[in-house]
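We just call them A, B, C and D in the order they show up, numbering each chain from 1.
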Amino acid sequence: MHTLTTPSLALPTDLLTRYQHIRQWSEKLCQPLQTEDYVVQPVAFVSPPKWNLAHVSWFFETFVLKPNLPGYQEFNPDFGFFFNSYYESVGQRTLRAHRGNMSRPTTEEVYAYRHYIDSQMLKLLGETTLEAQALAVVELGIQHEQQHQELLLTDLKYILAHNPLFPVYQAGGAAWASAPPTLPAANFLEVGEGLYQMGYKGQDFCFDNEKGVHRVFLPAFRIADRLVSNAEYLEFMAEGGYHDFRHWLSAGWNWVQENKIASPLYWHQQEGEWYQYTLAGLQKVEPQAPVTHISLYEADAYAAWRGKRLPTEFEWEAACQQFNPVVPEAACFLENETYAPRPESRPALFYGNVWQWTNSAYLPYPHYQKAPGALGEYNGKFMMNQMVLRGGSCITPRSHIRATYRNFFHPEERWQFTGIRLAEYC
Amino acid sequence: MHTLTTPSLALPTDLLTRYQHIRQWSEKLCQPLQTEDYVVQPVAFVSPPKWNLAHVSWFFETFVLKPNLPGYQEFNPDFGFFFNSYYESVGQRTLRAHRGNMSRPTTEEVYAYRHYIDSQMLKLLGETTLEAQALAVVELGIQHEQQHQELLLTDLKYILAHNPLFPVYQAGGAAWASAPPTLPAANFLEVGEGLYQMGYKGQDFCFDNEKGVHRVFLPAFRIADRLVSNAEYLEFMAEGGYHDFRHWLSAGWNWVQENKIASPLYWHQQEGEWYQYTLAGLQKVEPQAPVTHISLYEADAYAAWRGKRLPTEFEWEAACQQFNPVVPEAACFLENETYAPRPESRPALFYGNVWQWTNSAYLPYPHYQKAPGALGEYNGKFMMNQMVLRGGSCITPRSHIRATYRNFFHPEERWQFTGIRLAEYC
Amino acid sequence: MHTLTTPSLALPTDLLTRYQHIRQWSEKLCQPLQTEDYVVQPVAFVSPPKWNLAHVSWFFETFVLKPNLPGYQEFNPDFGFFFNSYYESVGQRTLRAHRGNMSRPTTEEVYAYRHYIDSQMLKLLGETTLEAQALAVVELGIQHEQQHQELLLTDLKYILAHNPLFPVYQAGGAAWASAPPTLPAANFLEVGEGLYQMGYKGQDFCFDNEKGVHRVFLPAFRIADRLVSNAEYLEFMAEGGYHDFRHWLSAGWNWVQENKIASPLYWHQQEGEWYQYTLAGLQKVEPQAPVTHISLYEADAYAAWRGKRLPTEFEWEAACQQFNPVVPEAACFLENETYAPRPESRPALFYGNVWQWTNSAYLPYPHYQKAPGALGEYNGKFMMNQMVLRGGSCITPRSHIRATYRNFFHPEERWQFTGIRLAEYC
Amino acid sequence: MHTLTTPSLALPTDLLTRYQHIRQWSEKLCQPLQTEDYVVQPVAFVSPPKWNLAHVSWFFETFVLKPNLPGYQEFNPDFGFFFNSYYESVGQRTLRAHRGNMSRPTTEEVYAYRHYIDSQMLKLLGETTLEAQALAVVELGIQHEQQHQELLLTDLKYILAHNPLFPVYQAGGAAWASAPPTLPAANFLEVGEGLYQMGYKGQDFCFDNEKGVHRVFLPAFRIADRLVSNAEYLEFMAEGGYHDFRHWLSAGWNWVQENKIASPLYWHQQEGEWYQYTLAGLQKVEPQAPVTHISLYEADAYAAWRGKRLPTEFEWEAACQQFNPVVPEAACFLENETYAPRPESRPALFYGNVWQWTNSAYLPYPHYQKAPGALGEYNGKFMMNQMVLRGGSCITPRSHIRATYRNFFHPEERWQFTGIRLAEYC
């Protein structure tokens, strides 16, 4: 949760513009969908698109409109039950795995819900004066909706990828048609031993898990100036990487065996050639593009096989401070609308394309404090059994990312755009 | 599978009329649905409505059009994979539990598929002369679609009943508003000891599992002249029926314990009052109406508690020969459009309202023969671990039922309209 | 449960002799065991041998000694919890799957328990005069212990067979060393159409599920004069029987796929040769011996592949009445101490060697009545989802079997000595 | 794995004496067992005692005797399959969950195996001169056997605790009979901000996961001078700690709900009083003794409820450097033979009694290197999804523990003697 006194926060009118802009992006992302695509949930960790669209609206209704807009009338009192994600404080909710069993409310009703919320938010932000704390929650709601834009696309990709028709979300040319035939070998950039400051110290929005600026001592290390490519990952596969336990963590090896894993998610081999499902349909694996949709176990095994390792989240942040003090323009994010990682256009680009697994467990920073009340459930309660990812992906909104941003998933999860940057000690 | 030489089969033009009539009924039953209702599959044994609509069309395409219509072009070669149910002979298919993960083909595409099949069937039945064997498969396809009309409604009921909004399929008055305040006690009708002929011996359509007329010796018995009512079943519940192992089969008692069963499916207790979800929404349990949506385990436990038993399928058929030699007009079927069982309007009505569990395992009759080829998979391979039900329900098409009709489900299944008729030995 | 007034029951002294004889057999069967063999339970349906030994004693303690021996002191009040099998009426009990987790009571304590029970039974049977009903329960206890002798050996076989050392229970020569090199083809014996009397009508002990003499009408049929041999079953395997869905019931085919079944239980292929674990260790499959340790699904698929079928339990009993009016001396039972089926020594031997799957569901006979009280749980509550087997096996005590004896297991179970006798209609 | 060149390692004769001493302790710990206790495995993570006894011998056979003793003859070539734990490099092995299904080799054979290994080790250590690297592996084998002494007791406790008879391992008075009636409140000892050196830097044995001395920057913090007691934990329970999601990590809350957790492992409530199973049988919960057999989730929830937190492993090690520069004599270890934690006899005792959960994930130290070959599987491959524990418990051998020792378990595991020491930031 973000800071509750943020003096430099944009004025309400600016906030309103940003609110409307972000809300429109969510709907724009759904334009290619058929009504049926909004409904299904092939696996518990994937939510139906209509659930994502409604849940972000429920967030504004519950945490902004109900406490702040006098006389606010709920759109439908049942919706809390449907669209609460995990806030125990806010009452009962649909079991996560049952979201895809709910044909009602319909997609049309969900859009009506969104537009009702938008009209009420317009009233709130346009006609009333909010306290800083309430403004902060609006900001959190906007950031939250941006997070769900990313989830909406990864969930949708999972849905369409598991349909034997391999439907196309956005047709058309891969942006990398003119990629050079071979990538130069990665360089390993050196970062010296020392005490580094970690965590967010700016004045703008950040999540509570980034707060608590603190020092971390790092020994000297080197970090790759680019992501691992598909071509490099195919070498690992060709040399039997998935069949040699020596490269794997014990839990990873069990996962490979039990799930018969032999390639990244969404890869299919047809007549000796590797294809991957993308939001542009089934396409040949592009050798120059970064490998993606891999678990931490695969990232770690790949690194072990190369005689390298994954960086820690602190090494990544220190390297970023040195080599990418601002987010480079060249980085590939949601707004590029490629919806797939593309070959890197320049070296030492630490952002975008794919989230980078680190070998850091997702744990609290010193002096970490949960917010009081339901919003205290936003981040802190997930700090166990997950690993940190850094850098953002090709479907992360550009305004959403920064050097201190800590994403986190379980080590076996693959449906996000995840990838590998290698490191080693000096 | 029905007999392959059926001289009295209606002429092609009549068959065409019946074909069109049945096909239209399927679509009529879907008129109250929202697009989203067509998609979901809350549990493996329930199919999405769009799957049901497409599967019956695939049956005509695969078993009628492809072998008989010269130059027939498949609507979409991928559809076989999606819409094959269980015919191993006809190739690979979607795993049953994954039907609800498929947003594509869309409902609109499924309707286009239906209409394409209809146009081709019109050409086939209107313009060509079919051999008796091909006509028999058309007839089987019609009967098959009637079976799926019943499944479509039971599946839809399961889908809507598991939505917390309890959506209404068909609003409006329960047909039994004028039911008498109390039912007279059931009479037990006597049937004498003797050899009875079982199985279908007419000239019209029947399924292969009814064929093989044979004699069965029955000791004298008595059978109730009406179904067990909700009021009677509530007595069983009130006396702790669900909590006393002595009434239950061992497998039934395990099922009750593991699933915490304490009432029929779709029943909810609110402030001391019992409600049940019906296709008209959540309604008070009607005491006079037959109890329904119960497993064989519940039926058997109820009977044991009453000091009675379930009839065998042969006793039921013998009683029917004696008391209902033709299907009575008063029986409640799909065409009554009540979509719920209603209090019985007269005694000794052996048909309609709810399927009656028998204590007969679903096993082959003497001289049973599977049809050759894929249609041999229609019935025979399911003859294990299932129990026979007789009589048809309030959503069975009237023209589909007869005294020899053998329905079958596993003893724990409850989403069909299932009920109880008691019996005892003399 | 047997009849409660059995005038011809042996006098107490005779009963005592039989009691002692049977009890000694149970212990004799355990002589080859190591202490550790008494403890383990590799799968829920297998009980540790020490559990079997104690449970049969608990039966005498609970149903005979406590109600009938004045001043009887329980050996240990905790033992009821450990050694009750499934009698809900008699209180709480160890979960079946946890029997193998109990290192205490030790084997030595279990033997002490047995000997205490024996001393008390000696007092009861030797010094008191029992009512007919109590005598009947003693008889039931003896029959019950005989059933558990068979279970003890099948459970032990399962335990040892799953140990990579393949320990030997009883070493030494297969009894069939001199079997002829090839078996003559089976003859199919004809049994005429007619009404047959089924069920037990003698004066001696029988189980409640055999009672209720009743008539069954059978069409004419033929039944094989011998069991299916391993050589014949190997033909089925060689012709791809396990890989062709057309031979299989739907539930059977799912079972084959999910469990990757490709041979009878306990078979291992080494360098192209088939071996089977026997109580004499791992041995080559003997072609002439009856195939055993197969599920009903395999029996049914084999029959379908041969163009035959399994008999019903009534056909088997009618054939027995005709061809084996008394149990032949040549039949192979427990007392032969082969502990494995052997090639049949003469044709038309309907008993012994392996239990024969029938295509009859285990359901009550007309007028079936459960006994009152806990012993009413002996049989009746299991009458669902199981199939009947007839004839007894090489480890069934000879005095335990008769023409009307109905054994029953679930169709997928294989750890009993189960086999195949074919039938067909005339 | 320890360093491969350890010049100060004891001479072979000393090593032999230590070898024999440790080996005898393992057998001494088993003296109270019945043969049956050696066999059972109530849950996959618990190994049968005979497996533990044999596995540590297999370790010496595989990694010491086979490579180093010329002409060494394996005791039994099958034993590798039985007694390999997780070394993929060393070939196939029994599935972990099946260890308890193996009645053979018997306990007697396992002891014969041990004594054979001992005789061969005597020959090796007494008669040959080993290279430093081989000596290091002997040392590792000794340390490994000490680890398994602790596991043997925790596994045995789990086995006996799940037996309704609650068998006594070692009878007799709790050592804390004279504990003071109330404990003074814990003091929080302050440790200043700064760079601390972590990891093992001595000359003696340590595990590979402790190597790599490195600096860690710590903010100032306070750490409790004693463990959380049962009395304090009972307050948490009394105030509904197990029923209030706000104290719990999300994964912890799911674990509580799914497993219906409402007290530490081995606790039973009888007539309002709490009892716990101990190796001395079922006893009243001693209020002054440290709470034990809790998961990290419980430890974390307790700390959150108190407004404190768990220390990191680095904070623990820094505090230990300051307050317990050597392991205090007063600490309670295996050699005290209490087999249960006892009330702390003095403040600021960081060692013994119960392992202390830290909020540090088990991850590699900088420059961590796995050993080459099979022994590289000793530690490194487990560095995922586990949390670090520090300090040793009442059943840890005293010579086995040190400030840098990193134990690790999954956050839900409770069968080790685990407990809580609180911390907070200054």
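Definition applied: contacts are C-beta pairs under 8 Å (C-beta built on N, C-alpha and C of every residue); 3 or more make two chains touch, one makes a residue touch a chain.
The structure presented is a predicted model; accordingly, all values stated were derived computationally and were not measured.
Q: What chains do chain B and chain C have as common neighbours?
A: The shared contacts of chain B and chain C amount to nothing, since no chain touches both.
Q: Would you mind working out whether chain C and chain D touch using mostly the same residue numbers, over half shared, or mostly different ones?
A: same
Q: List the centre-to-centre spacing of chain B and chain D in whole Å, with centres computed as mean CA coordinates.
A: One centre to the other, that is 60 Å.
Q: So the centre of each chain is just the mean of its C-alpha atoms; given that, what is the distance between chain A and chain B in Å?
A: Whole-Å distance between the two chain centres: 47.
Q: Touching at least two other chains at once: which residues of chain C meet that condition?
A: Nothing qualifies.
Q: May I ask you to sort the chain touch graph into line, ring, star, complete or other?
A: Topology of the interface graph: a ring, with each chain touching two neighbours.
Q: Go ahead and list every pair of chains that touch.
A: Pairs of chains that touch one another: A-B, A-D, B-C, C-D.
Q: Which bits of chain C are touching chain D when the two form their complex?
A: Residue list for chain C touching chain D: 34-42, 50, 78, 81-82, 94, 98, 100-107, 159-160, 162-165, 167.
Q: Which of the residues in chain B come into contact with chain C in the complex?
A: Checking each residue of chain B against chain C gives 86, 88-89, 195, 214-217, 219, 245-246, 248-253, 296-297, 300, 359-361, 363-364, 366-367, 376, 381-385, 411, 425.
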